[in-house]
Structures are given as structure tokens and as C-alpha cells.
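One structure is given below, represented as C-alpha cells, and several questions about it will come after.
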Amino acid sequence: SKWMDLRIRFRHILFAIIGLIVLVAVATAGFMALENLKFFDAFYLTIISLMTVGYGDIVPETEAGQKFALLLIPLGVAFVTYAMGAVASYFIEHQLSVKVWNK
Amino acid sequence: SKWMDLRIRFRHILFAIIGLIVLVAVATAGFMALENLKFFDAFYLTIISLMTVGYGDIVPETEAGQKFALLLIPLGVAFVTYAMGAVASYFIEHQLSVKVWNK
Amino acid sequence: SKWMDLRIRFRHILFAIIGLIVLVAVATAGFMALENLKFFDAFYLTIISLMTVGYGDIVPETEAGQKFALLLIPLGVAFVTYAMGAVASYFIEHQLSVKVWNK
Amino acid sequence: SKWMDLRIRFRHILFAIIGLIVLVAVATAGFMALENLKFFDAFYLTIISLMTVGYGDIVPETEAGQKFALLLIPLGVAFVTYAMGAVASYFIEHQLSVKVWNK
């Protein structure tokens, strides 16, 4: 049923958002430890990397930090893509069900 | 009906484009204020960031500007993705309806 | 019919690829003129920008070149996204039609 | 049938992942040879380029290495997009089949 579909999509979004929050927290803590960065700089490096902007103003400089980044980036990009896809398909699904409703 | 669908998709595109214009305007004004950049440099930083190119030639340098960028970038990337998806699905939908018409 | 669908998708891919080639040619010529770059450097800047890698080793330095980049990048990213989507959906469509054939 | 669909999607994922591994291996070897980089730096440059982060801390500096990057990046981005799309559609397909099963 339509309601079932919406609930499943909503769970997808929840899963993606919780996954992203955990990933960002782990990444920030990891960069603080491995790269000796203060909290905000590690968080900034995390977001600028996961969004694939990569300004290059703060980059991992130790090999440990670089290895950590290589693990983090593919995972994080997958989660960001998944989360945006889940939100988009939720809106589309919702709109379609509202449209059917109104017919 | 097909016409309804096209109208809904058209509204999606309008919403996405208006959202993007507002976001780019707010971001440009924000970077001018927080980073003390002239209009064109703030606009350049905004587009280069939202499109995730991130050359690194102009970057936010104050913590306020960096925090603003961290807010702006995920929102802006979501809007760009949404806008491009809306335009693409409008063309596909339109093409399909034309195809059905011609059968 | 399936054949019609494949022909339409094929035209999408052709359109996307021709569009991309024209865009890359115009962009390379534009950067050569505006940024006084040699052919290969202008081509390198074009591809590194359109693919949103943005290493930052070669960047537009004149305001004319930066304005040109701001025009080029959203257009180019849209074309790259469209071309990859068209190719992907062609393969999926093709596979589906082959699958139906084999049943 | 549903099972057929899942098997086809699974083959898509396998193809994408094997393709990506081969591409990353070739790219790493290529950057080691052309750019005279040690293994880890070549691998780091490969991943940071394919994920379109492009920090700019390590970039191809010879024209041979830059040409190699221009070949590698569009191919690699296509494969990463394809692999993520295949994994995502596998999960969605799988979820749908489970849902139908449970009805």
C-alpha cells in the first residue's frame, strides 16, 4: 500500500541520516586524533571532504590521516548520495500519493 | 493525467530554480559580510563551492565564514542535485508523453 | 515498442556526447583566449573543472576567465550528468529488452 | 522473475566493483611510473581524483601524468557513479522483493 511505501522510504531516510551523523562524528574524532587538529578544523575537513569540495586549505598530512581519509571519503560520499536519493524519492513518492488522493 | 504530471514536474523545476537563486544570493551576501570579499569574489566562491569544484584559490578564512560554508554547501549541493534531477525528469517525461502522442 | 525506446535513448546519448564535445571545445578555446593558456593547459583546466575535481594547480586568474568558468561549470556539469545518465539508462534498457527476449 | 532481477543486479555490482578495482590498480601503477610517485602517494592521488575531491596536495605534474589523469578521471567517475547506482538499485530491488514476499 501507499502508506507502507512511505513508511519504508521514511526508514531509509532515517537510516541514511543516522549513518551520516555517526560517520561525521567518527571522521571528526579520527582527524582530531590522527592529524592533531582542533575540533572545528577536523569537522571542517570532514564536511569539505565528504561533500567532495576539497578546497585544499586543510588536508590530511600524516600517512595515517591520509589512509583514514581514503577509507572515509568513499563511504561518506556513498552515504551522502544515498541520503539525498532517499529524501528526493520520499518527496516524489509523497507527492504522487497526494496527487492520487486528490484525483 | 500526462498534463498534470508535466505541470507538477514544471513546478518542481520552478521551486528548485527559485530555491537556488535565493541560496546563491544569501551565500554571496554572507561571504561578502563574513569574509570581507567584494561582490564578484563572494559570488565566485559561492558557485565554485556549490558546484563542488573547490579550486582553493578563494576559500573562507574566518571561522564564521567557514561555519557559513559548512551550512551552505550541503544545502546548495542538495538544491543543485534536485534542480538537475527535476529538469532531467521533466525532459524524459515530456519526451515520453510526446512518444505516446505520436503512436 | 522496445526498439523505439532504444532508438530514443541512443539519440539522447548522441545529443549528450555531441553537446559535451562542443562545450569542451568552446571552453578550451575560451580559456586559451581569456587566460592566455596554451592548448593543453586550457583543455586540462576544462576537464578538471567539468569533472568537478578542481585540483587548483591551474585556475582562471582574470575576472573574464573566472566569469567564463562560472558559466561553463554549471552547464558542463549538467551535460556530464546527463550524458552519464543517458548511457546508464541505455544499458539498463538494453539489458531489460535482452532479458525479455530471452524469457 | 524477481530472482532473475536480483541476479542481474548482483552481476551489475560485481562488474562495477571489478571494473573499479582494475581501474584503481592501473591508475596507481600509471601515476607511479609517469609521476615517479611512491605506491601510497599514487594510490592517494588516484582515490582523491576519482572521488572528485581534488585536494590539490598531490597533483600530476608532468604532461604525461596530466594526460593520464584526463583519461582516468572521466572513466573512473563513470565507474564510481555506476557502482553506487548498482548497489543502491540492488538494495531497493531487494527491499521491494522482501516487501512483496511479506504481503
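A, B, C and D label the chains in the order they appear, each numbered from 1.
Definition applied: a contact is a pair of C-beta atoms (placed from the backbone, for glycine too) under 8 Å apart; a residue touches a chain by one contact, two chains touch by 3 or more.
These numbers come from a predicted model, not from an experiment.
Separation of chain A from chain C in touch steps, taking the shortest path, is 1. Between the two copies, chain A and chain B, the C-alpha superposition involves a rotation of 90 degrees in steps of 5. Relative to the C-alpha centre of chain B, the farthest chain centre belongs to D.
Of the two chain pairs examined here, B-D and A-D, it is A-D that is joined by more C-beta pairs in contact. For B-C, the equivalent interface within A-C, A-B or B-D is the one where over half of the contact pairs agree by residue number, namely A-B.
Chain centres here are Cα means. That of chain A falls 18 Å from that of chain D. Inter-chain centre distance (chain B to chain D, centres taken as mean C-alpha positions): 26 Å. Residue positions of chain C touching 2 or more other chains, listed in rising order: 52-56. A complete topology is adopted by the chain contact network, contact being made between every pair of chains. Only residues 4, 8, 49, 52-56, 59, 63, 66-67, 69-70, 73-74, 77-78, 81-82, 85 of chain C touch chain B when the two sit together in their complex. Residues 52, 54, 56 of chain A touch chain C in their complex.
Of all residues in chain D, only 40, 43-44, 47-48, 51-57, 80, 84, 87-88, 95, 99 touch chain A in the complex they form.
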